[in-house]
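What follows is a pair of complexes built around chain A, which joins chain B in one and chain C in the other.
Right, the complex of A and B next:
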């Protein structure tokens, strides 16, 4: 199986509210009003979740480039994070790019 | 959440905005403080621009209210726009115009919560307050449409003389409908300063019974306990979030610290919201006030626990002064007169001749 087949794409759910506050992202699920705050690394991943950029590219171009972390650790932690948020219905995960209309626009 | 509120306060971020997008309404509630004529509401494009500015300013909680929000034909366009900007949107409505399609659309757009005004479980009382025949039936029907979609609904029950004995019935109705219930005994003067509707406020004895109703306040003994002695933290504290992390915007673009605090602080038709928020002398004055600066209230034993509303105080003539309605609430809750009551020697409608105050207070 090639890397391309293992690729993941992430998009923000449309049923959430979010806003950047002092460098950390606040997220609230409309489904159950669960409230989350993301630390700066998680915030970078969240902001990059446009449904079109492969997760591996987000890890390489954003996480490894902006934070002092090796690629393997970054990839593992990012996948764990993505898994947690998708279980709360906050992130959508797919093995192919999402249609353009999926990810909402966002200020800040 | 409390931590984020503190962070917003520290950063000076307007985390919550109450946005009345219209004052027009299909009901004519006897206690309403608004003028329902349209004196030049903001257009769709103007409101969208303001929403952009609020998102840039860091606003997270956005309440769309009115008037009746659904009187605007562009309501769902505005709602969709707000949700694309990722606001947490709450809607205050009488729900009379909400049918299955509107309820479904609200769910699709990810509305967090819908608050519906219900005054009584009895149509003859509710409809007499709203002056719209059939309004209770239609509002209840709408609540069912909303809950069937899985939306969170809260019934807001404003208490006044006409419905002061019906809160138990409305609470039971909320239980039956499977929705939250909130009670508010506050009647505010009209926006133009007319205080005639204050006659509708419930008398002290009724307020006292509300405060001793376990299903409303939880632990009655704790809720009605004498206030603890205020410490330095209390004196350095802010009266409320108005102007600190909360702002109000009228359909005409006027910015106030809160819907209940009509201190004109700027207009988003002439200035950017963030410029008003950061530089308005009025908002900065509101922010400068600490509990210790309040000439009467800082001497009051209730200063740390009172629900004093600076907006109601402002409408009484002085934003640093007492809010008489809250003095009465503190008294009816604890049986202990406020400094303002003692100063003004206000009549005590139901005060016992002998009051016993524990030494620990």
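Right, the complex of A and C next:
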């Protein structure tokens, strides 16, 4: 299997509300009112989850560029994080880019 | 006894209609009923919050029914369809079209059902305006309002009971919070808790929200914003299963935490705690 087939794309669910507070992203699931607070690394990934940018590019261009972490570790940690959020239904994961969609309510 | 005969259409009839305007949080709602004794019950229940001169923002017709056998604590359902809100619980059914400014409530002649309907309607109104109803005690001191929130048993009633004479109690159970300029105003409500005392119908600029915890000393501590939002959301009264509105409430909670001092108040149950407030 080539790397292209392994690629992932991530997009925010429309059933959430989020807000950046003091460098940390607060996310609430509108479906069950569960809260999540993202640390700065997770916040960067969340902000980059536009449904079109490949996850590997987010890891390279955002995580590795802005935080002191090697690419292999970063990729593994980001995939774990993405898997965690997708299981809670607040992040959608696909192996192809998402069609343009309305962004959920978010404010800085 | 003669047989029942329907009244001919040509026969003139008069249906009495009594009305009362209940103004909570500066939001007058006109209630129509065909039963004068129920109107009187409402006048007693909302004493201090009745203002017949206020032009109503919304109107409701109340249709009284025989008491339901369903438990009033059956889960409340609040849904919107084609711009009309539908509210239902074991003891009431209601619909409300905010665009038309009118609604209808079916319930038996008791004050608890109408209390619930009004609370739900106010949460929906406030959600559109950046405000909310908060499960908290509230009080005014030196022209500024202070709110005391927390889980049941945290001390909302206790701190209300300990308030010195110069403090005006807004509520010991549900606070009404409206946006006002860059800040907020806290308004009194008739929704009473264990103190069983209706709040004063007045308001003041909101100075601080305290999350209560009883402890060995009186102390105020800072609270991180994410924690403040989490706690605030747990105590905002909200019933609708509408994603857009839930998102609005979340954004309102975030705005609130950005603009109002939210702190933790640890207190011992004696009146000295009020030395820290106001």
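FYI, the second predicted complex is superposed on the first by the 102 of 108 C-alpha atoms of A that agree within 3 Å, B and C clash if a C-alpha of one lies under 4 Å from a C-alpha of the other, contacts with A are read in each partner's own complex, and residues count from 1 in each chain.
Note that a residue touches a chain if its C-beta (ideal position, glycine included) is under 8 Å from a C-beta of that chain, and two chains touch if they have at least 3 such contacts.
Computed from a prediction, not measured in an experiment: that's the story for all the values here.
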Open item on the list: Looking at A:37 after the superposition, I want to know if it touches chain B, chain C, both of them or none. Which is it: first, second, both, neither?
Closed with: both
Open item on the list: For A:28 in the superposed arrangement: first (chain B), second (chain C), both or neither?
Closed with: both
TODO: For A:58, decide between first (touching chain B), second (touching chain C), both and neither.
DONE: neither
TODO: Applying the touch criterion given at the start, work out whether A:17 contacts chain B, chain C, both or neither, answering first, second, both or neither.
DONE: both
TODO: Return the residues of chain A at which the contacts from chain B and from chain C coincide.
DONE: 14-17, 19, 21-22, 26, 28, 30, 33, 35, 37, 104-105, 107
Open item on the list: So in the complex, the part of chain A that touches chain C is made up of which residues?
Closed with: 14-17, 19, 21-22, 24, 26, 28, 30-31, 33, 35, 37, 104-105, 107
TODO: Could you pull out which chain C residues touch chain A in their complex?
DONE: 225-226, 229-230, 233, 243-244, 246-248, 250-251, 254, 257-258
Open item on the list: Which residues of chain B touch chain A once you look at their complex with the stated criterion?
Closed with: 1, 3-4, 7-8, 10-11, 13, 15, 52, 55-56, 58-60, 83-89, 110-113, 152
Task: Complex contact set, residues of chain A against chain B - done: 14-22, 26, 28, 30, 33, 35, 37, 104-108
